[in-house]
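First comes the structure, then the notes that go with it.
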Amino acid sequence: MIGKYAVRFTALGYLAVILVAPVSIIFWRAFEHGLGPFWAAISNPYAVHALKLTVMVTIVVVPLNTAFGIACGIAIVRHRMPGMGLVNAIVDLPMALSPVVVGLALYLLYGRDGWFGGWLFAHNIRVLFAFPAILLATLFVSLPFVVREVVPVLREIGIDQEEAAATLGSSAFTTFRKITLPSIRWAVAYGVVLTTARALGEFGAVAIVSGGIAGQTQTLTQYVQASYENFDLTGAYAASVVLAGLAITTLFLMTMLRPKEERSGNRDA
Amino acid sequence: MAIETRSVTKRFGDFVALDDVSIKVESDSLTALLGPSGSGKSTLLRVIAGLETPDSGDVFISGKEATAVKPQKRGVGFVFQHYAPFKHMTVRENVAFALKIRRRPKAEIRARVDELLELVQLSGLGGRYPAQLSGGQRQRMALARALAPEPDVLLLDEPFGALDARVRKELRVWLRRLHEETHTTTILVTHDQEEAMEVADEVVLMARGRVEQVGPPRELYEAPANEFVMNFVGPVTRVGDAYVRPHDIEILLSPEGADSEAMVERIVHLGFEVRVELVDTDGEELSVQLTRDAATELELARGDVVWVRTRSSRVFA
Amino acid sequence: MPRARRRALGAPALTSGLALGYLSVIVLIPLAALVAKATDGGWHHFWQVAWNPESRAALELTLALSGMIVVINAFFGTALAWTLVRDDFRGKKLVNSLIDLPFALPTIVAGLTLLALYGPTSGLGINIAYTRAGILAALLFVTLPFVVRTVQPVLIELDKEMEEAAASLGAGRFTIFRRIIFPVFLPALLSGVALAFARAMGEFGAVILIAGNIPFKTEVASLYVFQRINSDDTTGAAALAVLLLAISLAVLLLIGAIRRWATRHDR
């Protein structure tokens, strides 16, 4: 069937040009001049700090958004209180919104003239151009992922098991801990992987609110841009390799944890 | 001769689904392809429909060679076990599908769909979606859909398998009546021997890819070709080397004219019938079927010692 | 046990309240501040600022490019999904994983590599840096997974028996595609395309390096907003940002409507 080969060739060709070629370049360019320059670039103190900062932000963001994601999922599917329909709609917003819009919104809110900013400045609390702002920006953009994964699973499982636990005398919290949580653990895991990837890779919103001061408020993604603009290509590529390595690890985890139907990519014959 | 297969063989990898199968199906008849799972009956049906291609052998439909003909052009209507409804279309649209793609005039389609919906007793449900129907209703819709293009042959693949017992019985009767009204040559695949016996004019019993016996239901029951057929088609009890139908064993209260002695183990009252389970002097278990009246007359109780006589039996080489 | 039944997962008011509270602090209040700033001088002033030539050009350019990637993704995304579901070849699993790479890779890194490959230092001799083609390549990279991932599950779930039923009723291959496969697949395609559009409208990190940000030529909406902030013109930035926000909301509403329409026969 010629048709099948034509489709395959077209599809894979497109993939190679748009995706594979660019990504392979990172690795090539990073190690183009050998391992030495690469290592020097990586161990540059500003690069190390940027990596530490990015990791620290991620470590705070992921548990917060995971807790929110689970609570929100339960609120939407089980509790069905008024306003949950609105919540369901809003939760998707960070996925469709430009990061610069996010950054600007935070910049306006926490800036000197902002609704919160005024009060914060008066009490000498630094949010904008400091760690808290980076945190808030990253929380915003990585908000939806755990919720989105948990909601359909909760819907599908239904309340039978939870009701059974209740009739057996289990308190609400025990039911949550021993029944609900285990039943959604793979959905949560997948959501956590997506959240982590998004947090590590966030750039646009952070670029606006962090100030990007090298060695202080510069995340690893900002470091890549700064290096490029300072003509330090090796530095830029080296940091990119680290981020790409993290991305590939993420990809691997995603493939392992992906919801069952999509994993093999195949239909039952 | 509506349908004929000649020496059809089909393999899936190492598994032989059909092994040199040759059958003939008469026009206007209702034939059942009966057999246990893995017997090849569904595969044979799909080969006839053109949904599978045989590795060797030929298929003839209405006298013409059809082995290489695509399913679209065979003039067969197919009803699937799980109905295969077009989920995104309403009941009307489902039934009208075959006519719509043949570009029949709208008025004609509307009339025919109305006619069919009435035939299958789904009038008034035309605007619903399959997801909103019950299992039995969906199956009737699937039948109406298959009948719409007036096929020469109607093929049904375990059509009632996914329904509950009562609905199944109702639809069986209904299918027979439908057949009598439309006179379409029909082949029904089933693993339920009661269903085949009740509904079909002719039964093709299959096992492990081969045809074991072909004939009217009564013939399979009374003159089975081998022990498999005898076992599959009705209840069997063994007396020594012979195979006996439980209703062909008499229970006597005295040894005269009897074949052997046995003790009553259990008496089961199944409404009109009574089943008596006995153990004979060799320790073999026997099952005897009596009418309620006959059982009452004998006044049997557990532990009674009685004598049995076989009226007719079969021995297979 | 009516009490146990109603409180199967306790404290509904508390959980919902916390969720709504968190959402407000993180998302809603910042966005409210944005809208407030943009409309500070009244609607008339807002439109004046948003519709100034440079801002308008940026928006129009972004809309045009996003429209283009919609078409391209519809075609290639479907081809990829089809290949992944119905075809079989060595390395298919690897390809399936690769599709997610644009989700996992930081946008700035994507931008850097696209520049390396298609920019002035490229060994291939192509140079589309500082051109609209360059922006297009960046957008195609980041939007690649959307259509593939929304169409794939639909293709997987497509009941083979429905196609066989259609064949037994006389439908040829094209008819089967048109009447059986396509109607089920269209809503998924539209959803995927809508998501890709939203993403393309707002993309920043992948385009910032390759675009060069030349006003009226390669300045997309997100770059304009960024540049306005750096020039301390937060009013100008806020105006266009609010328009982008409105477009994102509209896209989300559209996707919700598509989903409801697609499942209308399941209810």
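We just call them A, B and C in the order they show up, numbering each chain from 1.
Note that contacts are C-beta pairs under 8 Å (C-beta built on N, C-alpha and C of every residue); 3 or more make two chains touch, one makes a residue touch a chain.
None of the values given here were measured: they were computed from a predicted structure.
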item	value
Graph class of chain-chain contacts, one of line, ring, star, complete, other	line
Greatest separation from subunit C - chain, by CA centre	B
Busiest interface, counted in C-beta pairs	A-C
Where subunit A and subunit B are represented by their mean Cα positions, the distance between them in whole Å	58
Inter-centroid spacing, subunit C versus subunit A (mean Cα positions, whole Å)	16
Residues within subunit B bordering two or more other chains	none
In subunit A, residues with contacts to at least two other chains	none
Contact footprint of subunit A on subunit C as seen in their complex	1, 4-5, 7-13, 15-16, 18-20, 22-23, 26-31, 33-34, 37, 76, 79-80, 82-89, 92-93, 95-110, 112-114, 116-117, 137, 140-141, 144, 149, 152-153, 155-158, 160, 195, 198-199, 201-205, 208-209, 221-222, 225-226, 229, 234, 237-238, 241, 244-245, 248-249, 251-253, 256
Complex contact set, residues of subunit A against subunit C	4, 7-8, 10-12, 14-15, 18-23, 25-26, 29, 68, 71-72, 74-75, 78-79, 81, 83-84, 87, 89-109, 111, 114-116, 136, 139-140, 143, 159, 162-163, 166-167, 171-173, 175-176, 180, 194, 197, 200-204, 207-208, 221, 224-225, 228, 236-237, 240, 243-244, 247-248, 250-252, 254-255, 261-262, 264-267
List of subunit B residues in touch with subunit C within their complex	49-51, 70-74, 76-78, 80, 82, 84-90, 97-98, 101-102, 129-132, 142, 145-146, 148-149
Complex interface listing, subunit C residues touching subunit B	159, 161-162, 164-172, 175, 179-180, 183-184, 265-267
